[in-house]
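Each of the next two complexes has subunit A plus one more chain, namely subunit B in the first and subunit C in the second.
So, the complex of A and B:
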């Protein structure tokens, strides 16, 4: 792993035990570099939240990592004992969860929640300092610091989401994972929050994993993007690359699924619907909906190929003839 | 329906100065929520009017008023040449519903979970009592299912809603609206609950049905890009008022109202400068039970002038088919 990379995920699989058992993530590999916004896109149920839960070591009781490895900030992250994971939480990695807006504690003021998080991890901090920090954090995400004493129900959705982001940043983590942080918000509020995240990230230098089903959003904010389909990462590439020449037919279809506000151009979307995760299709998981499908796609699982030195990677038989670049497909 | 006033022959639907005030209990007293404040528009046959705006701007309330799901506080509605009275009797309502159908956002909630698709489609038909025999009704159901792309229809007839995907369910909801051959379809965010890869197929389906049957839609969406895709006219709502409207291309390409411009600047677009331009405008829409004096947008408007704090601007025409309600334009 080079200096650049903060997080490296290799061959990660996650199963929820049923019945029926669901393998929600299948052999996912990607890395997140220092100081970048890494986007993770895919449709409902494709396994985004599950992947994030495994990354943050917050899988529910019936879920388990069945294969793979995660290197995070130099540590073999999945092997760290829970006590150490707890010590790293907030300080090295923090999560703004999918229902974050509604996960503020309703009976404790916003400020107290931030103060509690700070004191739990930095017991040497005085109460007074912690409250000052809470106010400064709110100011940083452009929430009037008078709201330290407000309760969740007194804040708008956008303000609650900002408060959650402030909390995630309270202990200056290296990696902030945001699961659909703006999906429930209006576009104007979304744009304001994203601008904020981007500005803070440039100032403070943390990395962001930004999860969303909104491909057009990622194409305008992320540095690099991973596309997930039915539990698998089917393509990873830079924003420019995906914008210009996405390789995987699913990625192309997903991009085609978003009309543009600036031009009226006919769009087709993708035929069919995402498959069941209980019995994913054989061969390429996308073959039932793929306009470019080859005969072998029905039965043979495509291997991942690296398309360029910048690490543009794809899992699709159309690229079988591409020679591997570097060892084990990563450079 | 009583024919009260003959208006222009062209619009299939026209509403004038529609208003809805909800009375909400608040402590011992009550608050008045001004959800829709004097909205006027007309819809030509075979065309699509998109209604866009932020959450809470009154989009759903507006089309519920038109659908006669909730009573309007004031204002007038015409369907074709006939004025629709404030109150409709049972028989009148059935006739009205035949001509004006609604498609809801949530394809899960819109269908009865206990009944098969065949039943859900037969009910509106037998309610109307036009097709007398079961065989006639059955043929019609099959035809409509095929038309919305659920083919072969026989496979879908016995299924219950939970056995269908979200996109298939929304197709059933569309089939149910179409089966009574309406003239106007009121669609409230018909794709926002669907998976992104299947949204386009629903928009394309709506577009094809419009062309083939000369249907007219009022299409409510918070997504400007979908509005551009499907509509020929657009109306932008803010705090219960229509603030700008006209031909879709004109309103988006030559947006005049500061709020419309703000909305457009916030839409994520792959082709656009990164990061998304910071909309200079902060703040949130006003409390509808305590609307500010003057222009409803003045508290957030970067160009607000003294006048804006005093008077609510009246719509002025910018072009043949483009108007705006903003003091910057006279």
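So, the complex of A and C:
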């Protein structure tokens, strides 16, 4: 692992024990570099949230990592004992979770929820200092600092999400995981918050894993993007690369299924529905919905291929002939 | 603040309704308490005293119903609820004042202990869901909650008091005079322990199960996941995040049971010959003592309202969401 990488995930598989047992993530590999926004996209139910839960070591009791490893900030993250993980939480990795509406404790004030995180990890901080920092954090995300004493129900959805972001940055973590942070917000607020995240990220230099099903959003903010389908990462590449020539048919489908403001073209979308995760289809998991399907796709599982020196990788039989790095393998 | 004003108004109206019902009900009953009274005292009191009684009961036949109602309210404000027939010539207010402390002590303590223990057990049970405590406690306490209380109390009295002799057979204090002096507390506790235990033992299961269920629902909330993601100490997540939210729905149930403390656990007080309000109510019913019945029922109604009011105020402290309603 080079200095540049903050997080490296290798062959990660996660299973929820049933009955029936469900392998929600299958052999996922990617890395997140220091100071970048790494996008993770895919349809609902493709395993994004499970992957995030495994990364943050917050899997529910019936879920477990069955294969692979995660190197995070130089440590074998999955092997760290729970006490050490708790000590690392928020200082190295923090979370902005899916619904701002329900992520704040309704009965204690916003400030207290920032302060308790600070005091849990920096017990030498005085209470006054911690509250001052809570105010400063709110100011940083452009929320009036008087709201430290507000409760969740007194804030608008956008303010709550900003407060959550302020909270996530309280201990200046290396990595902030954002799980669909703007999905529940209207587009105007969404744009403001995305802009804010980008600005703060440039100022403070933390890395972001940004999870969403909104491809258009990722194409505007992420440095690199991973595409997930049915528990697998099918393509990883830079934003420019994916925007210009996405390799996997699924990625192309995703990109084509959102409307463009400038062009009047019919949206194609992807026919069919995601497969059952209990019994994933044999061969390539996407073959049932794939417009470029080959005969072998029905039975042979595609290997991952590296398409260029920048690490553009794809898991698709269309690129089986690509051997050497640096070639564009589109036939 | 508006919430509190609204609540005060609500309870004011409810209190008025309770007081008025208490006036109307006896007058709607077949027969007349005065007739029973007269029959009881026939030949033993002079007509002037009887007339005084009737006025004391607010049953002055020369008044219209409305005049009776007004004078009833007037008497009530002055704390005059008539004279008890059972304990003649003690006024009802005095009989109630004597019985109330015992009930508050026994049933009050038992209810609060049961609520606290049951709630704590529910929290622990849900937090370690599937653990050894969770696989034992809910089952055991569901079983104890389904014991017929009368049967269980008699059993406890027979084994622990009569056979083993660890506890007294009944009453609330030794000797003939009750005293709440500090020096007398060991004796009071000695008398209260067994009846209180029987109440706690049979009522704790309800609190445990409802708290456990609330906790399990709450623990699925996103803010619990966030609290864990923040790496907060387990204790803080368990109490400040999970239990603090899970207890809210239970407060209403607690308010109701606090109110019913005053009605006394009738069975407990009968089995343990405990001189509380439940026992008094039983006496009143057996002796057709209308003034005492009326007084007891009024006291119960007021207590239920008062307990609910207190819990509503407490709710304001516990749940910020009701403050700006």
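Simple rule for what comes next: the second predicted complex is superposed on the first by the 321 of 331 C-alpha atoms of A that agree within 3 Å, B and C clash if a C-alpha of one lies under 4 Å from a C-alpha of the other, contacts with A are read in each partner's own complex, and residues count from 1 in each chain.
Note that in this section contacts are C-beta pairs under 8 Å (C-beta built on N, C-alpha and C of every residue); 3 or more make two chains touch, one makes a residue touch a chain.
Because the structure is a prediction, the values reported are computed rather than measured.
After superposition on subunit A, the partners subunit B and subunit C are seen to fit next to each other with no clash.
Judged by the touch definition given at the top, the superposed model places A:191 against subunit B, while subunit C stays out of reach. When the two complexes are overlaid on their common chain A, residue A:154 makes contact with subunit C while staying clear of subunit B. Looking at the shared chain after the overlay, A:11 reaches neither subunit B nor subunit C. The larger set of touched subunit A residues comes from B, when the choice is between subunit B and subunit C. In the superposed pair of complexes, A:106 makes contact with subunit C only, with no contact to subunit B. Legend: residue contacts after superposition of the two complexes on their common chain; A:44 is shown touching subunit B, with no touch to subunit C. Once chain A of one complex is fitted onto chain A of the other, the partner contacts of A:271 are limited to subunit B, with no touch recorded for subunit C. In the superposed model, A:97 lies in contact with subunit C only, and not with subunit B. After superposing the two complexes on their shared chain, the closest approach between C-alpha atoms of subunit B and subunit C is 6 Å.
Interface of subunit C with subunit A (complex): residues 221-223, 225-233, 236, 240-241, 244-245, 248, 318-321, 324. Those residues of subunit B lying in contact with subunit A across their complex are 54-55, 165-168, 195-201, 203-204, 222, 224-226, 228-229, 249, 252, 262-272, 274-279, 281-282, 284. By the touch rule above, subunit A contacts subunit C in their complex via residues 56, 58, 85-91, 94-95, 97-99, 102-109, 116-117, 120-121, 151, 153-154, 167.
In the complex of the two chains, the subunit A residues touching subunit B come out as 43-44, 142, 156, 158, 186-192, 194-195, 198, 213-217, 219-221, 239, 243, 253-262, 264, 267-271, 273-274, 289.
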